[in-house]
């Protein structure tokens, strides 16, 4: 009666697998050198040689897209890891410390949620010049408050159930209780959230690259490919279509994987976001 | 109630204060001299120095920040470095466009999301439900700027139904409306996909509650139960997301206005940052933050309006 | 008033209610008793036309002489509330938390009975008075969470009564309430049935309440109606082994515990819907099981005093050896 | 709708044989101005829209680069070249009704020269010693030194003659004396000018109303041109989109010239660029044709030094360092630059620069130089590269006319280049008022810079103009940033 769960998990995993595989394979092999510029070969239509044709500099589009997957996945991965660790720690600390600390952490998340994320990224770019690291920091900044809030909420819920029990069971320190009871119970929430944040990270990375704030050439990036293709709409509309589709596939994949994981872990988590 | 307002207002002021300080500080350490940006690379150092004095940039950081704060208190947002006119004028000039864009975007989002979400929930686990979910899943994954480009290709370049960008001004209401159609769609598509899922999920959550059975048992029509009984009960999460989305839509206009050449606040903030137009950036960021904070506040108030249990004690 | 015959409600291939037959006369108070999963709530929902869309309904449900089995939602909406009304187990969640209870009761009056606002309100207040809510005006303005459990149940009863139904189905109306409060609700229902000449279908697993609230009893097990008859008679001398077990398991304060201890429960659990067999569904748990019980469905036999029983032991009168006369 | 209407009108004009004269025009502009006062802000579009249209200057530069009269009816220059006497036109009035006189001229120039002046081109006033009012229509200017470009420079929008009463409001409500006056401005979207009926040449001005539409996105600009929402787009930003218009009979596409030399600037004050062999090696590594094809879709003229090819004194020096990867490698080795050395290329946000950067990156890779591209924002570029010289290489177009003097600044200028020999050469050019002789010196300077390989000289920025066929009088090449609107005419199509 419920065909959706396995379906979204399977489709999500398949799409994510495709993107990650493309990213990994591009480390050792791409059909062509994605940096090789040959203006005479530009705007070639798809062929056996160039499966999706070539771009405005005569570079192979498939190779560019594969290497672009690498940028997207790498930035999203590092950013979500960073944002997830920092945010989750903040959430756990807030939940277990309570009182002033909790208030302070929550106000901090209020503050960062009130700060327009895109503006932050633009300013960061203006401050340090655009780079991989800046894109990571900007994206992590966006996800930190989300992690902090969700983890705090989940931790409070777990704690209200386990705390009394644990305290009665023996003289355990709060840190032990945190580690033994809260962390394992909060972990599914973090995992699910991480997948969804991963999808968001890929979208934000694309937007940053689109604005010229992401990884720098010659490292390809879907967002920059899109930005460059924008003026070529009349000449080679396909160049704007491919990277957009890639972004869509990656985001779709991570979202569906997240949905599937969430349903598998606990359907109640749906309310979290 | 008063206490509730006081506490919220204090948090509100603190947030704005923090935001304004961070922006002021960042804009100060960001490389880029407004005088040089304005006067260009052929200007003489002497002229740049003169302009810096004129703009008050020769004053120390703390003094300038305090002066700015003092100005804010009496409603003076300062004068734009690059435009040489009061910042308030610039904002007042451009706010209507951005707000209308955000409003139409949000309205379309809500209408579309309610329609699709209710449709999906009413047909739970049937093909209609699955299609709505699939469409929304794809919708979430579409980058807004890409969608904007596609919309321009299709509706402006090929079909020529709508203008590709630009804004003729409010004196031409039809033209203004036409200019807002594509940006609105671009803004609303992604957001409504997100919201539709929330609507559906929270409706399904509510559908399990006994009062739905009670309402049916008393003979009420399904559609009436869905819209007047279930939907209000599903509103708390929906309103929460709508509040967050309003902020998203507002920052989303930064990208959208650039793609569609719309003279709104989003374009202005972009220009202001690249011009290192501190007073303008400052005012705009504080404005954005204010709208976000006020939105959160409204959402909290809305909780009380929706659910009598959540009303702050009188 | 209401007659069901050979009613089957099935989800997929599994029958939650199997070929049930039951009639309810005007003004009659009938109890439906069974463990959870016995199909009693499904049966009640079938009487309201409110089983899940995916469910298959076969057989006949005649309400006021009109065949309703397989009727469309639209036809059912005419019946619901006006001919058959229903109240549910959980009075808090059964009321829309966002509405003042007065509005909740007035809504069907306005929408379905075409009353104007004032008339609907006056009627609501009258109903509140009828169900014994103190200070009806004040209560009408309150939200569900501001009322006590008993008051909420009274509001639900007022809602159910609002369109003067001929039959009121009460699905475990007392089980979520304190014993004393529950008792008063039972009294209220008795009172209303008497005064209005209304039939009451009282669904419960609590024999004590049923004994107080009903004239006739219908015992269900695994989707089958296994025994019906006058309440007092059935409780006093159950014919079906399951009924006997149920009666025996009834907690009794005055009982001699030591002697009862062994007999207080029926061994085993109610089988899941999918595990049900073609034969007698009590087979496997029955103390009097015979070889053919599991494979063959017993026929319904009608005995004296309007009692029916569905058991292969039918004629071999089940002795009261395992049960005591109900006090 | 608009298309249908236009077609109908066109058809009717053909039928009746009467020329349908359109009296308004809509011009696309890429750059959105922040202010409308050219004396306060260097944004090029301000000059393009305002110079000679709203604001007038003493002189005006023609399309061929020669200097003509404007507010000054005529002038005399003393034999020593140090005293200029300008005779002003009679009865010129500003748009606010106030009269223009020798006093206002003195006011405007004194303001630009003043110590606290923040004029973006303050250096052009540097040679002026004093401005004196002789009588209401005569102004005398004394120079500290001879200045070959003085009259040319007085035509700049930065030397606009302004009404003293309007100084404070010129930023958003410009008052000038030109053939067009300000009508309205929707910041970020459009600026509308209308014909000034009181102007001395008003009878010769055909177009009544001019609307500048700001569209930074080339795709949006293309769509607007195609939809006939705009009639002309001077300085069209995307060469790749031109074929679209070339094949469309409604448009004439013109590739004009500009004063913009695009260079791959080396930081001459930083190693390894202090070594001329490195600069030469990199010049050998550059393949201009590939860059022009790739970045400009073939629509640019290669340059071998720092001078516009359309100028009469231009020398073609593109052959000085023909593309030769082996020679580049050899020179680099000789200079001790190891294979695989990483150099940064900080690129400002202009399409010509960002596109060229990627191609140069691949070209230098062949010569064994790893280029690290960093696309930076304009404010960042100005501060880090221009002001602090914190860069190895950058790509930038120098759009000012007569800017050979850039190389004669000291090492604190962002080139980091300081050469006494060149200083002398520039001093002679600057003060040489004999055209033929000055051209000769300019040629020498070009050769000098090529020899020194101060920068990688790439190409001359083209002026890409897309204009409706019926529209004439459009200036296709711009020796200065100006687009005189009074010359525009709608012709009957045939």
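Labels A, B, C and D are assigned to the chains in the order they are written; within every chain, residues are numbered from 1.
What we mean here is this: contacts are C-beta pairs under 8 Å (C-beta built on N, C-alpha and C of every residue); 3 or more make two chains touch, one makes a residue touch a chain.
Keep in mind that what you see is a predicted model, and the values were worked out from it rather than measured.
Undergrad: Identify the chain whose mean C-alpha position lies nearest to the mean of all protein C-alpha atoms shown.
TA: B
Undergrad: Which chain's C-alpha centroid is most distant from that of subunit A?
TA: It is C whose centre lies farthest from that of subunit A.
Undergrad: Decide which interface, A-B or A-D, involves more C-beta pairs in contact, and give its chain pair.
TA: Result of the comparison of A-D and A-B: A-B.
Undergrad: Any idea how many Å lie between the Cα centroids of subunit C and subunit D?
TA: Here subunit C and subunit D have centroids separated by 90 Å.
Undergrad: How big is the gap, in whole Å, between where the Cα atoms of subunit A centre and where those of subunit D centre?
TA: That pair's centroid distance is 44 Å.
Undergrad: Rounded to the nearest whole Å, what is the centre-to-centre distance of subunit A and subunit B, using the mean of the C-alpha atoms as each centre?
TA: From the centre of subunit A to the centre of subunit B is 22 Å.
Undergrad: Distance between subunit B and subunit C based on Cα centroids, please, to the nearest Å.
TA: The computed centroid separation for subunit B versus subunit C comes out at 54 Å.
Undergrad: What parts of subunit A, by residue number, touch at least two of the other chains?
TA: Touching at least two other chains: 126, 230, 233-234.
Undergrad: Where in subunit D do residues touch two or more other chains at once?
TA: 217, 219, 222, 377, 379-380, 384, in rising order.
Undergrad: Spell out the part of subunit A that touches subunit D in their complex, as residue ranges.
TA: For this pair, the touching residues of subunit A are 35-37, 39-40, 42, 56-58, 125-126, 129-131, 212, 216-218, 230-235.
Undergrad: Which stretch or stretches of subunit B touch subunit A in the complex?
TA: It comes out as residues 11, 14-15, 18-19, 22-23, 26-27, 29-32, 125, 130, 133, 137-138, 140-146, 149-150, 152-153, 157, 201-202, 205, 237, 247, 250-251, 254-255, 269-270, 273-274, 285, 288-289, 292-293, 296.
Undergrad: Along subunit A, where are the residues that touch subunit B in the complex?
TA: 1-2, 4, 8, 107, 110-111, 113-119, 122-123, 126-127, 199, 203, 206-207, 210-211, 226, 230, 233-234, 237, 240-241, 243-244, 247-252, 255-256, 259, 270-271
Undergrad: Residues of subunit D touching subunit B in their complex?
TA: It comes out as residues 3, 32, 34-35, 37, 40-43, 115-123, 126, 171-172, 186-190, 213-217, 219-220, 222-224, 226-227, 229, 377-380, 382-384, 386-388, 400.
Undergrad: Flag every residue of subunit B that touches subunit D in the complex, lowest number first.
TA: Touching subunit D from subunit B are residues 30-44, 46-48, 50-51, 53-54, 80, 82-85, 90, 93-94, 149, 152, 156-157, 160, 163-169, 258-264, 267-268, 271, 273-277.
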